[in-house]
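Which chain is which? They are A, B, C, D, E and F, in the order written, and residues in each are numbered from 1.
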Amino acid sequence: MTRIAIYPGSFDPVTRGHEDIIRRSLAFADKLVVAVAVNLSKQPLFTLEERLDLLREVLQEFEGVEIRWFDGLLAKFAQKNNASLVIRGLRAVSDFEYEFQMALMNRQLFSELETVFLTPAVDLTFLSSSLVREVAELGGDVSDFVHPAVGRALAEKFA
Amino acid sequence: MTRIAIYPGSFDPVTRGHEDIIRRSLAFADKLVVAVAVNLSKQPLFTLEERLDLLREVLQEFEGVEIRWFDGLLAKFAQKNNASLVIRGLRAVSDFEYEFQMALMNRQLFSELETVFLTPAVDLTFLSSSLVREVAELGGDVSDFVHPAVGRALAEKFA
Amino acid sequence: MTRIAIYPGSFDPVTRGHEDIIRRSLAFADKLVVAVAVNLSKQPLFTLEERLDLLREVLQEFEGVEIRWFDGLLAKFAQKNNASLVIRGLRAVSDFEYEFQMALMNRQLFSELETVFLTPAVDLTFLSSSLVREVAELGGDVSDFVHPAVGRALAEKFA
Amino acid sequence: MTRIAIYPGSFDPVTRGHEDIIRRSLAFADKLVVAVAVNLSKQPLFTLEERLDLLREVLQEFEGVEIRWFDGLLAKFAQKNNASLVIRGLRAVSDFEYEFQMALMNRQLFSELETVFLTPAVDLTFLSSSLVREVAELGGDVSDFVHPAVGRALAEKFA
Amino acid sequence: MTRIAIYPGSFDPVTRGHEDIIRRSLAFADKLVVAVAVNLSKQPLFTLEERLDLLREVLQEFEGVEIRWFDGLLAKFAQKNNASLVIRGLRAVSDFEYEFQMALMNRQLFSELETVFLTPAVDLTFLSSSLVREVAELGGDVSDFVHPAVGRALAEKFA
Amino acid sequence: MTRIAIYPGSFDPVTRGHEDIIRRSLAFADKLVVAVAVNLSKQPLFTLEERLDLLREVLQEFEGVEIRWFDGLLAKFAQKNNASLVIRGLRAVSDFEYEFQMALMNRQLFSELETVFLTPAVDLTFLSSSLVREVAELGGDVSDFVHPAVGRALAEKFA
């Protein structure tokens, strides 16, 4: 049995917190699909292509990881990819009830799909992409929170 | 004493969760005014007229229910309707503190107005109109969550 | 239809917060049974008889209120009293998830039984019997939080 | 790679909620050790032997499950069993922050040990062993919440 | 040692809750900088100039208070002002996790900067500028929640 | 004006988290009274004398700190010590509503007494004395979480 897991998100941009969750997921998934969600109603800072490029650079050393994008229902994308697990990081700033709601809805739509919540390293517990964007935009130093490639991309964006 | 209760909301669209709360409210209210809020700052999926029509179809079997709309303060609308109770469903995904805040403000504005929180059936605890809209837009099956008439209306909207 | 509601609790002792919820309940219940729970596993400060006496003194002006005690399942006690509503006050220090759990269990055990949550007056939002006991035991002034009769009973207990 | 997971708990007694989590865990663990914690400071309703017997009866159809007990640190027990995953069910009544705290501590004590949180079926979201014990003790019907063998054991305990 | 504290916010408009926190802060800060945040992505009801004017009128009796505005990082503004404390009011409707996240980020950006959370008077616990704006816009009476000068400004805005 | 602050707690035993909060408090308090609460209803692991001794050893380098004990009301102890501030650390595992309740009660009992909440270093966010006791009792390594003197005392206790 090959266990395929999906880690969905906006990754706008990918942070050290995402990297941490991806590393942990590989302890029990044989293959991990990092799936960039195309959300037409939110205006991202980085384009889909930029987000995919940053993920490719940041995750190049990870084995067993595939980087893809999807629009539409996560449950359908999971089914098409033969994935049985959805990975979510549970940060202290998570909207826990929303996570619960989505896990139950995804199971309703595709009963084989189990959502698995992981805890990040403690010093990444309060990190989020939106906080990174906000601090970078205001000229703060985010080098502790993102890969150098992402730091450069943020610097260019806000130059 | 005739106990008149108001159940305010966007009902965009009405879900099985709303129906459940309405049924429960009728156990202690003599008349229930289902009150569609016109919120100019939010762009609804269904127009006010469509939302009222769907409510009329979904609730046609319920006795003691009136369907209305209001803009402005809920407290004033309640006073005009001689209502003494506001009904709110407490889902697990409720913003509980916000509900508390609104209940206290409504009492401040009209001291006779009591807010009463009810618990929906357990399998409807995680349901919300916004989740229904989101899943329907992406082509997911929402027939377990809404009345068939609402299901048809969603299908047309996203055709 | 006579609407009978039950307001269960330890009332060890009754506080201004309880009085507030009782007053509000009478706006939509025809009869309110204030039901003192006999919990053998918790050692109360006041005996059952003392708690009933204090309730009788504090609530003597309220019409439509009956004061009783029960052991065993609340759902059975409600059924025996033809009650269709359980009243709970939702304080900011409520264990909200526990309240949810009990409301769902009581409905499971007696499907006609609806739990109704009310919001106390804002300045009573943080009040609890256990805080009153704790402060009174340490010699603090609790006269703002309890009826004078309760204040006297506390003073005697801790003399 | 054989993925060994541990599902620790008091199982006092095992509920339908536990069974549900065990079933879900087997979708990604090759072997699941159901580990009954011996907690000397809490007085259980069922003895360790009774809890192990009930688990054996309830879980006899599950393949890949081993039933054990442990005292001392979970992290050490996991290490001795070559387990890399700890399974926890995230009920709506979970003490979420406590779960977070334990997951971080277990990782601190044994860095290879990942805690994985799963969501139970929605109608089991509010279930807990302590609620089952409480209702059974008061004579309520718990047959929807536990396996018939557990129901019989509860009936005998409270006869 | 002169202890300089900063109280940042939108103050759109200043409420009795803000005044309360400012009064309490002066018990341990030698100088308090009330700092109006210029947030380009949110459209305020009152212009920056109006918000500063209202603060000046409302706070004219307070000694040791300076009113300023800032854009960019709070941590940098604090450093420039030799401030060692950031003041935040912890209302019951606070997004507590967000507050935690910001406090940790500000410390990361400027390690000398300590965030200090204060509790407002209990009857102001549920108050927020956005609720005041919403109620005033709908014609409700907000005179209990804001200084008369703010009440007049709101009335003019929504005339 | 000399600002005197009180940091109350059980300190059973003092952890690196407590030390962190004490260090931060000294940034704005001229004198800090670390006040060990004598709670007769809880059986501590360390006697009052042991807890005071450990605090003296752990805090010997801190200037401006006094170590005392108190029973009875914190508000009275604060008043007797001319303290105007109560310090509380806000961990992610704090019972936040309880903290709010105590802050409001202490202000009610002594209106000059302001409670100030501080955020610990992020890696201490999930630490608590009870977790340290639990892990040490089970033979786990707690040297990252407590001062060496406390580690030795725990080892002796559980030898």
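A few comments on the model shown:
Just so it is clear, contacts are C-beta pairs under 8 Å (C-beta built on N, C-alpha and C of every residue); 3 or more make two chains touch, one makes a residue touch a chain.
Fair warning: this is a prediction, and the values are worked out from it, not measured in the lab.
Any chain bridging chain B and chain D, meaning touching each of them, is among A, C; the list is complete. The chains that touch chain A as well as chain B are D, E. Chain centres here are C-alpha means, and the one lying farthest from chain E is D.
Same interface as B-D, judged by over half of the contact pairs sharing residue numbers, among the pairs A-F, A-D or A-B: A-F. One inter-chain figure worth recording: chain D and chain E are separated by 47 Å, centre to centre, where each centre is the mean of the chain's CA atoms.
Each chain gets a centre from the mean of its Cα atoms; for chain D and chain F, those two points are 34 Å apart. Chain C and chain E have CA centres that are 38 Å apart. Here the spacing of chain B and chain C, counted between their Cα centres, is 30 Å. Residue positions 92, 100, 104, 122, 126 of chain C are each in touch with at least two other chains.
Looking at which chains touch one another, you get A-B, A-D, A-E, A-F, B-C, B-D, B-E, C-D, C-E, C-F, D-F, E-F. Residue ranges on chain F touching chain E, taken from their complex, read 3, 24, 27-29, 84-85, 90, 92, 96, 100, 103-104, 107, 112, 114-119, 122.
Of all residues in chain F, only 92-93, 126, 128, 131, 135, 138-141, 144 touch chain D in the complex they form. By the touch criterion stated above, chain F contacts chain A in their complex at residues 92, 122-123, 125-126. For chain A in complex with chain B, the touching residues are 71-73, 75-76, 97-98, 100-101, 104-105, 108-109.
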